[in-house]
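Below are structures written as structure tokens.
In what follows, subunit A forms one complex with subunit B and a second complex with subunit C.
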Partner chain A sequence: MSIQNLKVAVLLAPATHPVSGRPCAAAADSAALALALKLVPSPQHLLVLYAGDADDAALGPYLAQGVSCINVLPTLAGAEISRVLARQLQDVDLVLCGRRAGGGQGSAMLPYLLAEELEAPLLPDALQLQVGNGQVEVEQYLPKGQRRQLAAALPAVVSVHERASAPLPYAHARLLQGQIRHLSPVSLQPGVVHLEPASRRARPLVAASRASGHERMLGAIATDGAKAGGVVVKQGDPVEKAQVLLTYLRDHHLVDF
Partner chain B sequence: MNFPLALTGLFWLGAILLSLGLARRAALWRQGRAAQVAWSGLFAIPKRYFVDLHHVVARDPFIARAHVAVAGGAVAVLALAAANYGLMLYLPALDVLMLLAAGLMFAGAMLVRSRRKSPPARLSKGAWNRLPRSLTLFAIGAGLAALLAISGDALGSAARLLALLALAGLTLGGAELALGIGLGGPMKHAVAGLLHLAFHPRQERFSGNKRSTDLKPLDLDSNEFGVEKPADFAWNRLLSFDACVQCGKCEAACPAYAAGQPLNPKKLIQDMVTGLASGDGQGYAGNPHPGQALRGGDAQQPILGGLLAEDTLWACTTCRACVQECPMLIEHVDTVVSLRRHVTLTRGTVPNKGAEALANLRDTDTVGGYPLAARYHWAVDLNVPVLLPGEHADWLLLAGEGAFDMRYQRALRALVQVLKAANLKVAVLGEAEPDCGDLARRLGDEATFQQLAGKMMSTLRHYSFDHIVTPDPHLFHCLANEYPALGGNYRIQHHSQLIAELLAKQQIPLRADAETSTITYHDPCYLGRYNGEIDAPRQVFKGIGIKVVEMERSGMKSRCCGWGGGASFTDIPGERRIPDMRMDDIRATGASQVAVACPNCTAMLEGVVGERAEVVELAELVAARLAKA
Partner chain C sequence: MFNDRAIPRIDPRRPYVIGPSGLKRIVLGEEVGSREQVQQAHGHSQAKPLRSHGPFKQRSLVVIHTDRGALDEAARETLAAAAILAGADTEVLALLFGGNADSVVAAGEAGADRVLLCDDPGFAPQRKLAVLAELWQRESPSRLCLPDRGADADLGRRFASRQGLAVACDVIEVVPGREVRSLAPAGQFAVQPQPPVLLLARKAADARLPYRGQGNDGGVLALPNVAERIRDLGTSSCPASQLALEEADLIVSAGNGVQDTGGLRRLAEHMGAAVGASRVAVDDGRFAREQQVGATGKTVQASAYLAFGISGAVQHLQGIKECRHVIAVNLDAAAPIVKRADLTLVEDCQALIAALNQLLAAERSATAAPAANPVLETA
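Right after this comes the complex of A and B.
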């Protein structure tokens, strides 16, 4: 299959803004959208799905970010969203979604349940993505700056990390042009959803060092009395001093120019 | 050869060429969109020329005199030539008058020449350098022609030579006048300038003392998204660009240009001229946008990317210093915002922190993404009542975005203290207060502005109050000048205006033993140039016994702090920072304190590093001199 007739779907759901509680675009879903838009020649080639009963207005931010049409699958009370979605995704090669919900009704379980439902591999926490020769390659996010390359044959599900893309630009004109299409309700065996509060035991924090904050700061910054972690640069003109800083930053891969 | 007949021929040839040229240029203007202006504006030209335009030109008395002489002389010569030779009256008396007019024009042309000897850097060179020569030639030609006509046969055989000289001068010099408009030469400004006065996009500029500084709302529902290509401007905007004389007054006043950011307002207007005439832009002989090459454009092609670099657009602080200075009454800020609107509304690619600020405004109604409930945290111990629907307050205080800034909270607390000392019944809206939308509007996000303005207006409808007071000139400008177009009319005062009034009525108890001190004062653009209010703050300082040493650029000529128009968010790099330059202005006065009257000026000037004057808010100065209760 060539990349031209690759069928790509993106799953989007409104998030809840952490400060105002208003519906907004979820960072991870937007990142998935950004990666998907790079794969297709124009936004019209994307299949964009949302399953849920949020207001159309809550989906507006995604339209403004460049989706031309969002297909809304109304779910019957208690119907399992993964199954509702899987029905629409049968002949899709690549399904992209956010790796976690931004509040609201979304759930970070969705990619897993969906992959299971579709019997397709899941590549979680993608930062970058390439498609070719019938397979998808993904650079996966791991904590502490680590990365891992994953590959799987298509069709596949990829859940995208929120850092995969800078926030997509928001354009009011696209919001006005975009469409929201309501598909007919899907009747499925209603599953039962149990909502229960997450229990989390407080874990006492163990300090890595017993030294006081001030001592640790002194250890980390440069002082004239050597014995600390840094260098004091007093000689030279500002350019030379800046050069020392730049070398330090380069050594630690904090800048790459 | 019959000399008078030759003059008649020459006159009509010139008139025909001028008309053809005007038709040619008018066809370019008509590429633009329709505009709502009345033809009757044509009758208003003389008044607008002698009052409104001359008012600006007269700030530079030398060039004002030179222009009166050249233009007045030329118009008189042309009028007399039209009557005497065009209509073939051939009256000797008119020849005498023509000789006098030509003399006047000659004197003016000499003045213009002397200015061009060592021209200030802001003036364009190129074709503009040849203008004094053409004007001189025309004046000499007209003078000689008049002389010949008066002297009759007295000159004998020399007459033939003189006649040839006169005709040569009139032809060469007259070509500049007749062909200027059609070929886009320097004399284009005369015709386009006069028509621009008639069809100015802001007609209200000419009606009395009313300032016209508000941005006009877009009709978003009918897909008005600003300007993408030159032909998207209204035709009278295109005409206004053609009026530019490339005097560079705007360039000299522009803070972004001085900071080495890639924006020169003169070049911006010339870019629009290049665009409307679909030229290659290489004829421009003035200073460029710093660091940018000359570019061509097309009336039907997008302006950004081709004609103009995006950075140029986002460097503008919307400070209106250029508009204030422009002798041709061109509206640079409208131009910048029209272009921004298209980018923001159709692509959303606002650079650096601009897009984030807009997202915050959409999602939280605050620029910084703060919870609304935190807006009045600084007032928690000041007993300022939060107004409830159904209650009444004499004064409603709108704190604006400055309320989230820890530095500015000190100023707000001082303001409340002062208002309480004056026994005013002040209340606030608490968490019901949204942003006024100023930042969104300047960044071109008209949709978010209209949403926020709608929210603010519907909120205010629920409360009962007599007046609004705010220390934020941006909020003040929005509510006072821009909400009326959306249907909101409020009695609103800037805190400097209110405090000045209270001081005048001796309603603020002041300490008798307050020390007198000397400060300098930085006028906020949105209070000064946008609202004409430069007196109230100074009255306040006077009222509390503070002497103000003025900076060279103060009052209506004040230099922007660099925040306006969202420039501190789009943050286009230059060689210097605008607030650093402003602090240099402040240093030059020798004052150890600079008073400010705007949360954004406060933040920008407080952000200047190194040895500098202390930044104090107007309200803080007053509060420090309150009598102990």
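Right after this comes the complex of A and C.
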């Protein structure tokens, strides 16, 4: 298949702004949109899907970022959305979605469930993406400045990292032109997850301790366990100390020279 | 003997033991216990009791990708969570990818009763899934815990969706026997009943356990020969100089004590490290604002953070909380950074930087010389 008739789909979910609480575009979803727009000749060629019960206004920011039409599958949020989406994505070559949604549960599970449902390989955390010869090649984000190149045959699911692209420009005119199309509703069981405001700090699991009062007191005055004291080197000339530093780095496999 | 002395003297450092009710002086003449031994018992974990002696009827599985064989804080917290949630008849079983004999001991200290090792070939989802599925079948654990970061997060999600298991991601709070809370966007908790697969966020459990696991060596698992659908074309690392400071793995950082900024930059280049700075050094114009580390600068997560001439003000230490190894070079052995540092060298920065540069240059020419002059070798 040539690049021209490649079928690309993007999954977008509305996000909630962490400060204002208003609907906005999720960084990772926008990045997925940006990569997808580079693959297709015009925005009309892109299949954009959202499954859920959010109102149309919440999807506005994506229209303003360049989507021409969003297809909404009305269903209960939190239900088995991957199955509903998979049914719409059967004949799509490349599915792009964000790494993690900025609204709802945001568990970053959907790409995995969807890939399983479609029986397609999942290439996670993409920063860059190339398609050609029936395969997709992705640069994967890894922490600490590492990048990994992955390749898989199409059809494939790619989850996009939020650093993949700068935020797309927002144009109000595009928001007014864009369409939101409602497909026929799907009825599903609601999920078991419910959301509540995080109005308090989470309590970490702490082991019940049967220590004596004396031990507990010692524990309270000790500074953070292992971190209590490092090695202090005072003796020697600068060269010897430099050697100590290098040996430390090598002993702990912190450098590879 | 005893009668020779007119007044029996009491040794002020006479031994004592710690009992359930606290410190107990030992009766004169008795030789049980000593100050040194008791202190060591408190400072080190080998004196911790076992969480459970067994026999075990159930299992709880923890899967961790080690960081070059080491267990980081997230890994310890996950092991601790599994140990805290386990009953006396539940064995905490740990599968370590890329672990070694040292990591078996470390995992035991952190709460694992039996530790299995497996090679880490990098990106190999299908093979790792196959190992995990086989282990899941064989041991039929009642719970799987993984840290929700990096390769563990990926593997956990793949496993849960492959096996169709209920999963909670980014779990920040576990209420044993009831529900789990996860971090959701926009300052919310997602609450659900406890599923079999838990992906734990940082600080979901306190890693300081009053007990340890049995730490038995469970042997090595071989990766099966399963076809991967995704080809790994290799990993590259960005040059440290181009990398955002937050992403760097090795950082050379300069404070007010560093005058020779040229030497420091050369050192960073030699080591392939990113350059950071304290606020004073930045305010002084010696470094750019993006290089400032600390409360009003960047929060970094390097494996190794080399602090040259930095006093270690709290505002600076806030930025390096997540760094695994901190090495300080300071003229003042009482500077606050010394308390945070794993290794402190009391020395003038300029002299030490120069010495390091020389050492590295000498090593480089020593290793480069035979390759550059193959003729000399054969001659």
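The rule we apply is simple: the second predicted complex is superposed on the first by the 179 of 257 C-alpha atoms of A that agree within 3 Å, B and C clash if a C-alpha of one lies under 4 Å from a C-alpha of the other, contacts with A are read in each partner's own complex, and residues count from 1 in each chain.
One rule holds in what follows: a contact is a pair of C-beta atoms (placed from the backbone, for glycine too) under 8 Å apart; a residue touches a chain by one contact, two chains touch by 3 or more.
Everything numeric in this text was worked out from a predicted model, so none of it was measured.
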| item | value |
| --- | --- |
| First (subunit B), second (subunit C), both or neither touched by A:181 | neither |
| Partner chain in contact with A:109 - subunit B first, subunit C second, else both or neither | second |
| Partner with the higher number of touched subunit A residues, subunit C or subunit B | C |
| Which superposed partner A:137 touches (first subunit B, second subunit C, both, neither) | second |
| First (subunit B), second (subunit C), both or neither touched by A:64 | first |
| Partner chain(s) touched by A:169 [first = subunit B, second = subunit C, both, neither] | first |
| Contacts of A:231 with subunit B and subunit C, given as first, second, both or neither | second |
| Touched partner set for A:17, first subunit B, second subunit C, both or neither | both |
| Touched partner set for A:253, first subunit B, second subunit C, both or neither | second |
| Footprint overlap on subunit A, where subunit B in one structure and subunit C in the other make contact | 17 |
| Residues on subunit B engaged by subunit A in the complex (per definition of touch) | 220, 223, 225, 344-350, 355-356, 358-359, 362-365, 369-372, 445-448 |
| Interface residues, subunit C side, partner subunit A - complex | 18-23, 42-43, 68-70, 80-81, 83-85, 122-123, 150, 153-154, 157-158, 160-162, 166-170, 172-174, 176, 181-193, 203-206, 208-211, 229-238, 240, 243, 247-250, 271-272, 301-304, 306, 325-327, 329, 333, 338-348, 351-352, 354-356, 358-360, 363 |
| Of all residues in subunit A, those that touch subunit C in their complex | 15-18, 21, 101-109, 112-113, 115-116, 121-124, 137, 140, 142-153, 192-198, 202-207, 209-215, 218, 222-223, 225, 227-234, 238-239, 241-246, 248-249, 252-255, 257 |
| Residues of subunit A defined as touching subunit B within the complex | 17, 19-20, 22, 24, 64, 167-176 |
